Amino acid sequence: MADTYVLVHGAWHTGELFEPVAAYIRAMGHDVWCPTLAGNRTGDDRATVGLTQAAQSLVDYLEEKNLTGVRLVGHSYGGMAISRAAALVPGRIRRLVYQNAFVPLNGECLNDMVPPHYKALFDGLAAASANAVMLPYPIWREAFINDADAALAESSFARLNPQPYRTFTEAVSLPTELAALQIGKSYVNAEQDTAMPHSMPWHPRLSERLGLFRLVSCTGSHEICFTNPRLLAEKIVEAGRD
Amino acid sequence: MADTYVLVHGAWHTGELFEPVAAYIRAMGHDVWCPTLAGNRTGDDRATVGLTQAAQSLVDYLEEKNLTGVRLVGHSYGGMAISRAAALVPGRIRRLVYQNAFVPLNGECLNDMVPPHYKALFDGLAAASANAVMLPYPIWREAFINDADAALAESSFARLNPQPYRTFTEAVSLPTELAALQIGKSYVNAEQDTAMPHSMPWHPRLSERLGLFRLVSCTGSHEICFTNPRLLAEKIVEAGRD
Amino acid sequence: MADTYVLVHGAWHTGELFEPVAAYIRAMGHDVWCPTLAGNRTGDDRATVGLTQAAQSLVDYLEEKNLTGVRLVGHSYGGMAISRAAALVPGRIRRLVYQNAFVPLNGECLNDMVPPHYKALFDGLAAASANAVMLPYPIWREAFINDADAALAESSFARLNPQPYRTFTEAVSLPTELAALQIGKSYVNAEQDTAMPHSMPWHPRLSERLGLFRLVSCTGSHEICFTNPRLLAEKIVEAGRD
């Protein structure tokens, strides 16, 4: 039976970068959509777009395409957007799948969940660049895509785009905390993901905020969408199926 | 050389459910036994059977079959029974193998090692059902057998039986703490097992109570006996061999 | 392109024991050297050799062979030696790779990073044996080489040599802390390594002292150099490449 998957990218990414993963999920017989959130599109005003607008663009997408029974997958920052979408259009969502993603409490922003040294770094970068931050390459290469060779680390980095900093600093409004939300939830954890340091990890620190959830793990870095899209596709389906 | 394995099931299970694992271990040349503990047998009085009686039934089994040099494997709640058996008939046991199992200190009951929300849930279920608790299906599906598809999650759930609650609330008597016991010990840890939340995990929280022990890990959920019996058989032998 | 790897063994080992790993790395097209540190060589005075002398012997080796652009790999205690070498000859080193290795802060000795029960054990052994400690076999078999069968556990143990205890008790001098050192750093973590108990683990407890570093993980014990040299070779290259 064909299920409907919507893959929501992380910071600095676009929906297009999820297409190799989407192709594998489609080959398993499912429908897959890869929107790009407001703020990461060509021509977006990166000085002003915040989380509210980015999440609304996801909701608009679900409504325009009239998607229902959605397995809504968020990677990293995408976890902020899918959490807000679940508050706005719960009736369209069959299951939330967080892939090494942020799981906010009501009133939190992304920066509330990152280590202090990242926040200090991003504050400085934003001040120097009209509120649009780019991830420094050494952090990308060592901590985000540690399972790539140098060529892939460089070619994937070249495809990223600056992130509107207000998407990291604007709080999310969740009238019902995620742990209490009556929607199925899963967490996909790539086990060598050190984008969050392992002393302050994605799982279980953030995953357990979901209340009852299904854990699916695999080998890989934060950027397994580049380094092993086939494995990620399999794990997303293990996480997203009923 | 043929070794002797005795596989002791967890709560809600029977020995029969370990038979697929046993078959793979037998194919490696060993003798394998799969008793069902008192309290999980057809016709048992689930209102009254406690841990003492369940553990005694395991000791009786070892004595009736006159088993010696036993690699005694306990899954989950089965860890309580093998710990007590080691106190009663240490001379029959070559090595204790805990598979995502409880490792008690003297005087503890199983409930002393579970998170408060489980204890509250089970207390309520026991009060409503003459002291025999059944695991709610959503917890089974998401947190116990997270690596199964829906069909296997449902078919395996249908084979479970109600657990006498006194097996969770009755303290175990261990004249010698397990860490001081002069018997070889191993811990098999299926790494996606979230039956205990990973913030309060099986390993190393409970495993390190064994003192010097051998860790063997593998991919899988708490219910790898259903989802990957062949891998579990291999890991039990890696854990149980000299 | 051929890279240059220098593999620095752990306590009780010699460079020769890294040769099977080196052979696999050479087959990938690289140059590999496996020195034996002062203190672990035949005829060394194990009552007197300390960390300073052991680390100096590594520096001497790099200089005698005139090695540059080195991917300097340290296993376990070898992490102490490569950390000191990086302070002495940073210009020869392209990247530091710690394989389940100690990562010291300035002024620490190895014993500052081990659990109290190990320190007490080693203190007693050193007092009884003119300052040269041997690892007791049960600890080797259960906690160091837990993924071996009994035959390999025994044959590898027979190849170890007594460790001069002053290499564990002498502090390292690091004028620049490793986190601030401008050299690439990686950590290879064999995930079933319980030589350090998992409640006090190698990673992230010690690895995160490196500041920005690349994590590479694999299945295996502390002694994967014996139990899976091919996998270790692959992981060392994933960690050591640019």
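Note that the chains take the letters A, B and C in the order they are written out, and that residue 1 is the start of every chain.
One rule holds in what follows: contacts are C-beta pairs under 8 Å (C-beta built on N, C-alpha and C of every residue); 3 or more make two chains touch, one makes a residue touch a chain.
Quick caveat: nothing in here was measured; it's all calculated off a predicted structure.
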Ask   = In graph terms, with chains as vertices and touches as edges, which category applies: line, ring, star, complete, or other?
value = complete
Interface residue overlap between copies chain B and chain C, same or different (over half shared) = different
Message = Nearest whole angstrom, what separates the Cα centre of chain B from the Cα centre of chain C?
response = 37
Request  = For chain C, jot down the residues that touch at least 2 other chains.
outcome  = none
Message = Quick check: in the complex, which residue numbers of chain B touch chain A?
response = 138-139, 141-143, 146-147, 149-150, 191-192, 194, 197-199, 219
Note = Listed in rising order, the residues of chain C that touch chain A in the complex are 184, 203-205, 207-208, 212-217, 238, 241-242
